[in-house]
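Which chain is which? They are A, B, C and D, in the order written, and residues in each are numbered from 1.
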Amino acid sequence: MFAEDALELRREQSAERNTLSVNFGGMCLRNPTILASGFLGISMDLFRRLYKLNAGAIVSKSISCSPIEGYRNPTIVSLDYSSYLNAVGLANPGADAFSEEIRENDNLPIMVSLVGSSEKEFPILVKKFDRLNIIGYEINLSCPHVAKMGIEVGDDPELVYRIVKATRLHTTKPIFVKVGVGNTDVLSVASVAKDAGADGITAINTLRAMAIDIDTGIPVLANKIGGLSGKPIKPLAIRCVYEITKKVGIPVMACGGIFDWEDAVEAMLAGASAVQLGSVLATEGLSSFHAICTGIQAYLKRKNAKNVMEIIGLAHKY
Amino acid sequence: MHTNINRLRIVKIEKIVEETPTVRTFAFKDVASSNAGAGQFLMVWIPQAEELPMSVMIWHEKFYAAVTVRKKGYGSTSLYNKRVGESLGVRGPYGNSFEIPKNARKVMLVGGGTGLVPLLRLAIHLNSTRIDTTLIIGAKTHSEVFFEKLAVKCLEDTNHQVVVTTEDGSYGIKGQTTEAMLKLIGTERFDTIYTCGPEGMMKKILDLASASLIPVQASLERYMKCGIGICASCCIGDKLVCKDGTVFDSETLSSLSEFGLEYRDKSGRKCKYL
Amino acid sequence: MFAEDALELRREQSAERNTLSVNFGGMCLRNPTILASGFLGISMDLFRRLYKLNAGAIVSKSISCSPIEGYRNPTIVSLDYSSYLNAVGLANPGADAFSEEIRENDNLPIMVSLVGSSEKEFPILVKKFDRLNIIGYEINLSCPHVAKMGIEVGDDPELVYRIVKATRLHTTKPIFVKVGVGNTDVLSVASVAKDAGADGITAINTLRAMAIDIDTGIPVLANKIGGLSGKPIKPLAIRCVYEITKKVGIPVMACGGIFDWEDAVEAMLAGASAVQLGSVLATEGLSSFHAICTGIQAYLKRKNAKNVMEIIGLAHKY
Amino acid sequence: MHTNINRLRIVKIEKIVEETPTVRTFAFKDVASSNAGAGQFLMVWIPQAEELPMSVMIWHEKFYAAVTVRKKGYGSTSLYNKRVGESLGVRGPYGNSFEIPKNARKVMLVGGGTGLVPLLRLAIHLNSTRIDTTLIIGAKTHSEVFFEKLAVKCLEDTNHQVVVTTEDGSYGIKGQTTEAMLKLIGTERFDTIYTCGPEGMMKKILDLASASLIPVQASLERYMKCGIGICASCCIGDKLVCKDGTVFDSETLSSLSEFGLEYRDKSGRKCKYL
């Protein structure tokens, strides 16, 4: 390759990077495709692989103060239409092991997802991670299948306020709060989180759901009830993103059923600053980040947009 | 319609074979499983008890497959205690398979216990392509040796040799599989070595074979939840055993610093093999 | 046909009828497949056609005191995987016109779905219908896209109590309360409804959701936000049925994504006494009632069950 | 993959034809629409304004279709005002189609205004099967007559006759379509009469034709929301115009006591036609 070609190529690549780069809630990402929490989120080696494959950022598995073994298998059940029911029970290596895992991170844009059952645990967690090279936190207030953690917390706006506030006091890094559709109004949880100092919202988590095997009559998940993810929940995620960005006015990462560039664009038109990819990885594999970036880029070109941020929230005008 | 292999399929146990006092084979009808590649596995749901990854065992009837389980903890014992007529759920088969290099003329298979399951499926392929095959079966003691006759039958159409080693010498050659292997590769040329079994053994095989420049393919085991590449519970280095594996080649294995040394437990913490 | 054959056939038919007949919440139905509210629910002529096609019962469109024109089109949008987003805005002919419509009903098992915004309206509605030949009421507390009606009501357990109580005081006919997954715990709404005297629960209604056309950037529904129905919501319905029947202990009609006999059986194993069919009618047409009945019957035969009620709630044992 | 005709398809308006001062035809590329049957309709989304049922108009380019709209209220006027290059959404085509009886040799088509749209699509089928065709086009006055030339062109390969009636006599025969029709069926034998237009006219045609034992097929209009047979807003008797129709035969029409007399408004209440 001639020197000029190499230069040209580099120019093109950096143009691409500029087209897709996003800037929201105190974070600056090379592109808006982010690994959702709970997917491959425990191994630094895997994070490196995902980053090479174009992930704009990575959210870790939700980490608790102590390690959690999680529920007995089956913990993950495939349903039709690229959807999954899971009750892993927040299995995670715990804050000590995970901070060890990512200790040597230098340049990967990692967000650590935090989970706990009271406002006391979050400052403890933040202390383990705040001096590491991470770009922010996601607080998981919406795991639908572990009592006293996740959704039962997210359903109590006062507790949400205290948790976010307590976390805010111990870090200057961006804090995103992950909300779910369940028993409380997502809008009120989002605005409480905003008031407490959150920089953004992730919407949505899985929804409490169930599947029973009709041959044996037995609920398939060992935990019986789990969380539904994948294609079916996209219209709910789009609605939450739209309502939160429009009515609460806070940056939102869309999560839930984002499977292709069309979904990603729909979420961003609804108001999302970025999209998280989860279940799609089971169906389409790790190349999804790249495929979605390429698709968004072509869309932007057709629409004569210079940067993807131009399309964020366009649907609000209607 | 195309069946989605990820959806649970309920199968009825139709035959049970006692392999040893602690190992049983359960046969059932399931077309997708019967077409599994050597090295692929099923996620087997034992209703109300567990879901476990299990290599797909061969079965002589068309459209049938089987699983061979060693009774160990709660999950495997629940499976072991199932009777004819009872139901299991299966999904998969998942993962990649052993590959037979184009010019292979003579290969070695080394396995022990239920690690023989993928090797028998491989043996059938080797048999039909008439590749010289040496199979080393390792066990602690005579009563734990199984699949020997079946292995011979699987290889009947090709040049073959089935060697059994027992650690206590109660049957076959005394010692470990790796000792028998070392002797054989000292005198004959093998194009590839395939292995499945305890990771310490496989690691030793990789080291010995690499010293002799023989490529290895090993089928690995890790704790598994999803089987479909999303939960990372099966990860080793930057690889997912359920999706990138279960079979890895010498080059990949050498790059995986955890191989033979470390695994992750249910919570995802790294632990050392004893 | 010989007389004996005819007799035999009749015997078989009545055996079939007995196999599928269900009895719950004060209602006795020839089979457990019921037309869901909002589907074809305004015309007596259509009710007759549906009954001939094997519907076990029919729930009317939700009827309000005054007629409602509903929202501008598009009001119903098809999404992938046999799912639909609707915001018809509770369009209905009103209590006067609808009571006129069904005035001459003699033997069709019709339930009237009632909708209103305060506890005062329900007694008024009940007075219009209670002397007609209907088998009961369904109170719609969960329409997700009309402010001050439906879900905003269902989200307020105190108001739910007052509405059900007020209705209860004015009728001895069975009252079912239809709940949705949204901003309040379905379990608490169900138990409040039970306390107020409801005979049963219908679970679930559609879920607040949204779709945006990425070509124009415009939300497709005229009302922007609507309710998601169809296949994607089945795992949520199954979970609600299971939890409500297990924890609240009240008869439940399953509604949401029931498309085939397997879905119907799954819902009944989860605890449902009957299943309501809605979106399936768009995909499979009006023959769904018959097809599902036939499928359930074959299942019961394989399982050596004499009557479908034997399988209700079987999954609770696990 | 099989396209789901229920999913919205965004199409670009490529050509606009002025038919009369209040009627325009909008052409766009859409394969599914171009294959519509005569009598089928689209649900046409006019972004930010309305969604309306529209019969699928023929268009001379391959893979193209069109809609012909009369400017009336908010929705139709929003559509009427669209320009070349703007987008519409379409789903469908929905509903059944006119049927041509096996032994038909001579048929009559009676329509007016945008009711001609399905009749033109039918004319093309009749043309290709060489069935004698008489088309009666009705209008109030000369300036509202359209599709006359196009109709002649559609029928050029078969014996045909295109008659225009205007109520004020400013063009063609003075009077209503039913008068012209009555005259024709008095002298010639027609195997079937097809009609689409104001329901009062269609009702009269049914009555007259029934008296002469000529079968009728009529394409009906009703208020429509879903187009897919779930909302009942389009119901007439126990039939759904969107799914059981739009085309009904004499027998069905005679059994529908609402035909020509009553329709349901947006709320579902029955109203009388004026």
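Assorted remarks:
What we mean here is this: contacts are C-beta pairs under 8 Å (C-beta built on N, C-alpha and C of every residue); 3 or more make two chains touch, one makes a residue touch a chain.
Just so we're clear, the structure is a prediction, and the values are computed from it rather than from any experiment.
Inter-chain spacing, taken between the CA centroids of subunit A and subunit D, is 51 Å.
Chain centres here are Cα averages; for subunit A and subunit C they lie 35 Å apart. Taking each chain's centre as the average of its CA atoms, subunit B and subunit D sit 67 Å apart. Residues of subunit B found to touch two or more other chains are 48.
Looking at subunit C, one finds that residues 79-80, 218, 318 touch two or more other chains.
Taken as a contact graph, the chains are arranged in an open line, each linked only to its neighbours along the path. You'll find the chains touch as A-B, A-C, C-D. Interface residues of subunit D facing subunit C in the complex, by the touch rule stated above, are 4, 6-8, 10, 43, 45, 47-48, 50-52, 75, 87, 89, 91, 225-233, 235, 237-238, 240, 243, 264-270. Residues 79-81, 83, 85, 155, 181-186, 207-212, 214, 217-219, 224-225, 228, 231-233, 235-236, 238-239, 242-243, 262, 265-266, 269-270, 299, 311, 314-315, 317-318 of subunit A are the ones that touch subunit C when the two sit in their complex. The touching residues of subunit C, when paired with subunit D in their complex, are 38-43, 45-46, 48-49, 61, 67-70, 72-80, 84, 88, 91-94, 97, 213, 215-216, 218, 220, 222, 278-279, 281-282, 285-286.
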